[in-house]
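Chain naming follows the written order as A, B, C and D, and within any one chain the residues start at number 1.
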Amino acid sequence: MKIDRRSFLSLGAGATAGLAFSPLPWKLMDDSSIWTQNWPWVPVPTDGEASYVDTVCSLCPGGCGITIRKIDDRVVKAEKKDSDNANSGICILGLSSPQLLYSPSRIKTPLKKIEGKWVKISVKEAVAEIAEKLKDLRKDKLSHTLACISGSSSGTVPALFERFLKAYGSPNFITVPSVKDVYKLVFSLSLGSPYVPVFDIANSDFVVSFGTGLLDGWGNPAQAFKAHSILKDNKKKLIQIEARLSNTAAKADKWIPIKPGTEGVLALGMANIIIEKRLYLNKNILFDSVTEGFEEFKALVAKDYSVKAVAEITGVKQEDITALVEDFMKAQSPVALFGRGEGTIPGSLHEMMAVNFLNALAGNFNKAGGVHLLSDNSYINWTEPILDDTAYYGINKKRLDGAGDGKYFLAKHLLNRLPEVLNSSETSPINMLFVTDSNPFYTMADTKLVREAFEKIPFIVSFSSYMDETASMADIILPNHFFLERYQDVVATCGLKPAVGLSKPVVNPIFDTIHSGDAVIFIAKALGGTIAESFAWDDYKACLDETLEAKKDIMDKELFWVDESGVFNAFADAESSGKFEFINDKIRQTKPYTFVEAEGEKKQYPLTLIRFDSMRIASGYTANSPFMTKTVADTVIKENDIFVEINPKTAAEYNLTDGSKALLTTPKGKAQVRVHLYEGIMQGIISMPSGLGHSGYDNYLAGKGININELIGQIEDPASGFDAAWGIRAVLVRV
Amino acid sequence: MSETQKVSASDNKKKDAGGTTILFFLIGVAISLALGWIIFPKLLYSKKSQPIDFSHVVHSEAVGDCDSCHFFREDGTFSGAPTLAECIDCHEEAQGDTEDERIFVEEYVAQNKEVPWLIYSEQPDSVFFSHAAHVKKAKMSCESCHGEIGTSDALPIYEENRITGYSRNIWGKNIAGIKKHTWDRMKMNDCGECHEEEIGDKGSCFQCHK
Amino acid sequence: MSKGSKHKDKKFGMVIDLDKCTGCGACMVACMSENNVPFKENESNKLDSITWMRVYKLENGKSFPDADICFLPRPCMHCEGDHGHAPCVSVCPAIATDYDHKTGIVSQIYTRCFGCRYCMAACPYHARYFNWWDPVWPEGMEKLLNPNVSPRMRGVVEKCSFCHHRYQLALDKAYADGRDKIEEDEYQTACTQACPANAIIFGDLDNKKHAVYSLKKNPNTFRLLERLGTNPKVYYHSSREWVRRAGDNYLKHETTKA
Amino acid sequence: MDSALIPKGVKRCSLGRFSLWMIALTAILLWGVIAMLLCWFKGLNQTNMNDAYGFALWIWADLAVIALGGGAFFTGFLKYIVGKDELKNIINYAVVIGVVCYVSALLILAIDVGQPLRSWFIFWHANVHSMLTEVAFCLSCYLVVLIIEFLPLLFENPKLDRKPFFHHLSHNMHEIMAIFAATGAFLSFFHQGSLGGVSGVLFGRPFAFREGLFIWPWTFFLFTWSAAACGPCFTILITRITEKIAKKKLVKDNVIDLLAKISGWMLGTYIIAKIFDTWYWAAYTLPKQGFSLIDFYSNNPFYGIWILIVEIFVCGIIPAVILISSKGRKNKRLFMTAIILAVIGVCINRWVMVMQTMAAPVMTFEDWFMYYPSWQEVATTILPVAFGAIFISFAYRYLPIFPQESELNPID
């Protein structure tokens, strides 16, 4: 036998043939594809027992009852609570809460900034350090130089902060204002009490909205959407008056474009027609015995707000105005909505009063389909904090923002005045700033001014759960639990009644975070003396239980406790004259009617930039989840470029085509943008979404687009002092 | 003459060479068959022991049927392997004095740590298997798929496919895929086979996939 | 299949009221959250952005002030075609997608799909998405994954399943309770459940008692691209003629189907 | 050095020169291989394809390359079945080109699928209703046939031929080649059609969808027809290019002329059918779906009516007329123009059936989708071209592909 090359060849051939008859190649082929079906780098969700836990969403002021779906001890989804009562509902933001809970931009432990770098510290160390600094201030009689910016004014946590400032000795507790503050002023002035209006849209047969973003995030979006759907089911009308074809305008039965900022003029013009044609008479309402200042008001609108003049100012056709008035007054239960967009910018007091006069003339207060007035009864009945001399001295100092004083006599807090106050003095009048539940450095207009002001403050303590813009400027961060990890009372509205909901921890805190309520109590205890005495609770949970008392059992069962007594009943109950007052001394003091104009020279800035709010972009303290940003259209954000909407005719004037890059300049700043041609916007107006251009947070959000607040300045409402800017003059240059 | 000689010589050579060729061919075949049928399966599967041993017999005598520990949740889903929560009622304290019992109580129960059981019948993530449909609706016995594990006194070695990460019970112990019992294999075709017999069709994809 | 058993079959479908849809995007997020849809840092390229449910913005093409827009949520249409001959089902070479005659749902089996993308070429609704990238969940976020839906790997096609896993779970519950059938409200898709405007109604299109049955017969109800013969199971409702017309292609002289 | 491998009676360039040529081609090949590996390991995000363009450059390349490779089956069909014996002088080369084209097609498909390790599912879990299944089966079977057709040629290499086994095998295979050719022709008629069916059955895509006979849309028949018409043109084109590079005549004019004439008639009849198909589509199929022809040739930056004119008139009617007329065939320049136009024509046809189908919006509220390939797509598409050039170079150098070569170029 000779072994040659051929033998090896045949060995190989045999081996090949043999392999074909062995499982090896076939099993390998099968297993390699099964391997691709189970790639180790693709996560496999761990299975477990599913459970559902109800809680109240506190990501926006809406306070919806939601259900969290859990698998064992992890949160997998937020869902609408399966019931019609108890304010159940969910929106895109609430649906995002699981992503926000596990977000990479969560702050995982208390942090301290040392030489510009974040260093982990313990809760104990953080509390001790803050207390030490606070003690020093007190020693120097500077307790009033502690300020606190709170995102909300309602509920126990803001109340604890406010109480802390008082006990410590500072008057400078400032809340982030919203349209709700102006709503209260509207009714303070005309009914003598700061009622909060609830618009009974679902039962109305004719809704006129003066730029209110009914379907763009206003109020409680979930409830607003539900109400709108009922309107559609009942085939009732919605009219939207707005410069831009917003989502609300698109859903409306009629969209009436109007020059922005002139909505109040239109409302007064409409009031004039109603009075002139005596259409209010058949409305069986407030007149004669129940109104005051009506004759004076009548004369005022007759003089300045003829339909012709109004048409000229607003750009709305005369016949459209008269037709609108007719339809409005013909309706059984008409209602006029006020407050622009989603209501994060408080807005013009006079404009809202003007619109509310339509409600008065239609006599719809507390009627089905009209405006329901809720009193802001507090369920928090704590004993007053104990004040020592230092505290007493401190709280009697003037508020830094000037609220409640002089020309700002109406407002309680004026956050928008803070940057100016800080910038106008050499050294910061604030030595320490608490920032809780808010991101003022991002949400306040005129970012440049705000940065300058904030940089002056020697010590900032942030209580944010996220590495947002303000937190990154802080010196110490005591991160709050996310709402799915904590107890908290949430002030809400159930149906047409005031209510309080209870957020309950759905999971144990996943990071080393601390409830802001606990943080305040611990800091107070660390300070000792009367301050510690004022905070006798062991912790926040004890405080909450004590505050809610028996209500808690109801909340545990039904999430919400409804305040049946908090409804405005009859005009006779009103605290002052018991009448609806068109004009009175206080109103006269506000110099009616002045509406806010956009800042900037028309010549230099021929265009007007307005902001628009979108459900898909959260613009407040809570920022977008990755899923939400994913839903944002490519005509809003492309890569990192933001788009500015412009009418094609205006675009042609500026030699701009769809998608072209341009430099947007306003009196407040410059930004490179791209343009999106949109037929749904008035000529000469351009618009940009709020809520983008974050520098904080994670890579799913940071760096995308421009923060519109960098381009828009605040404009003090001459009547209230709140920010009433609805836009700014601007110019676009192709680049 | 010389021509013929030449031819026959070459023929002889050919024959001889042919024999060698066939022999080598057969050797090749044999090597491959041995490799494929014997060595390959040994290499393909890694053997793993369970963290602790467990006797189904002892437990079923003590607590009853399978569903005492492998139960349906209220929502109709199947709980699978029991968690500590189920064991703790009896095993707060050591039951008996075996080494495994000691480990279980000391390292798991006392430390509240779940036992990382290796699941023989673990299907991949893409599979939706409804225990409710089979046990509750079709009233099938556990044995029809899980075999005699319920009457075993010790846990068998867990074999894991090194490429796919599957338990060997899915493909079956027999490398050729031959099965004698319904529980010998748990591949999709085995599901299909039974469904075809019992229901008349294999069902749609989504019936068993997610 | 015998007639009797055919009668028991369900035909799940949807009616979406475009008059109510506000374009808020809640359905999209609910869907992504329910179905373990991956997300990337940059999702602004909508041609490479997986959204089983996508809300389109329709424009009427008119100039200011007559311009109008309408939002149109687009899940998978679960086309029935001609007897289950959906555009995508018939072209898949590996039976990775099939039409279930018992539910009317078009399935997609990610582990079977080998990524040829023929189904995507076949689908006129762009309802099918390809996993161009490996899915990546940032650290900690893998906790969000729903165990009832299997995450997809790179290189396969995925699409809306009408939340079929919820049907599986509902059946499980029914079996465990000793029932054979589920009630209509036991099985709802995530988008239907989440829609704050209640614009989506989901149910058995053949069930005369269900809202979808009467809604689909409304003269203002239409389907997308009906003329192609795709026979979709998602219906839309709009009181605006231009919206209904945008639902299909028409020659200039043709009137919109009522 | 490699003279032992070179067939008898022909002259080849020096090994050094050949090596240089190979190095150049291998460099291109490597570029393609890098792109291919990127696609396999990093995934298809390396391409510019997207959810609107699931089918793009690669699928076009596949369709085009198979149409061009159609020369093999149709020449085979003509020689073995119809009995045009002269074609034996070009059939070898047609087969070589065919092998290149079909291997290329399968390679591109292997890169194109998102899960290459699962690609065997198409056979194991086949859906018989899918045109792609039909394509995969026929393509693979036909490639096997082509290789069988190619093998005897390989065994005719002087070195292999000396071994009696290969010599006899080759001889015997020649005997039964007609059977393979017939099988191949049948498979080819079928899969060329299936490829046409791939887009023709897409009833959700009005641009591509065609009515037809039974389960086969008209594109099924048009694709087969056009491949039969233009495939041989590609064979002729490659032959001419080879002659140009080799600087000698390899196939006699009468052979080329015959093939060209048949192609001309095929092209002519095809284009009539294509015009009829286009007219029927525009006049009956489209309006039923609410479309008019111009919808597909307007409102976008690229696809104008010009592309239809170029495909049908410039690259269809004109080359057909030239190739049919003997005067046209005699005029060398005109002849080559016609051949090139025919090849371009079939490529344009495959292009529009893939790319324009994807580009054209179907939902009224969507816009045209425009796409350009990434370098990885281009490189992987050029990869088979480089592979083809290498394969053909080797085949030409070492195999007696052109039976008339030694007669036409006697070595002194």
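List of remarks:
Quick note on the criterion: contacts are C-beta pairs under 8 Å (C-beta built on N, C-alpha and C of every residue); 3 or more make two chains touch, one makes a residue touch a chain.
Just so it is clear, the model here is predicted, and its values are computed rather than measured.
The chains that touch chain B as well as chain D are A, C. The chains that touch both chain A and chain C are B, D.
Set against the Cα centre of chain A, the chain with the most distant centre is D.
In terms of C-beta pairs in contact, A-B outnumbers the other of A-B and A-D. Comparing chain C-alpha centroids with the centroid of the full set of protein C-alpha atoms picks out C as the closest. Distance between chain centres (mean CA atoms), chain A to chain B: 56 Å.
Annotation: 63 Å between the Cα-based centres of chain A and chain D.
Each chain gets one centre point, the mean of its Cα atoms, and the points for chain B and chain C are 38 Å apart. The geometric centre of chain C is 39 Å away from that of chain D, both derived from CA atoms. Residue positions of chain D touching 2 or more other chains, listed in rising order: 115, 118, 121.
Each of residues 75, 77, 124-126 in chain B touches at least two other chains. Chain contacts: chain C has residues 45, 49, 57, 59, 95, 110-112, 134, 149-151, 153-155 touching two or more partner chains.
Every pair of chains meeting the contact definition is listed here: A-B, A-C, A-D, B-C, C-D. By the touch criterion given at the top, residues 1-4, 6-8, 10-19, 21-25, 27-28, 31-32, 34-35, 37-38, 40, 44-45, 47, 49-50 of chain A touch chain B in their complex. The part of chain C that touches chain D in the complex is made up of residues 45, 47-49, 56-59, 72, 81, 87, 90-96, 112-118, 120-126, 128-134, 153-157, 224-225, 227-230, 245-251, 254. On the chain B side of its complex with chain C, the touching residues are 72, 74-77, 124-126, 128, 130, 132-133, 136-137, 204-207, 209-210. The touching residues of chain C, counted against chain A in their complex, run 17, 19-20, 22-26, 28-30, 32-34, 36, 39, 41-46, 49, 51, 55, 57, 59, 62-65, 67-71, 110-111, 134-135, 137-147, 149-155, 190, 193-194, 196-199. Across the complex, chain D meets chain A through its residues 115, 117-118, 120-121.
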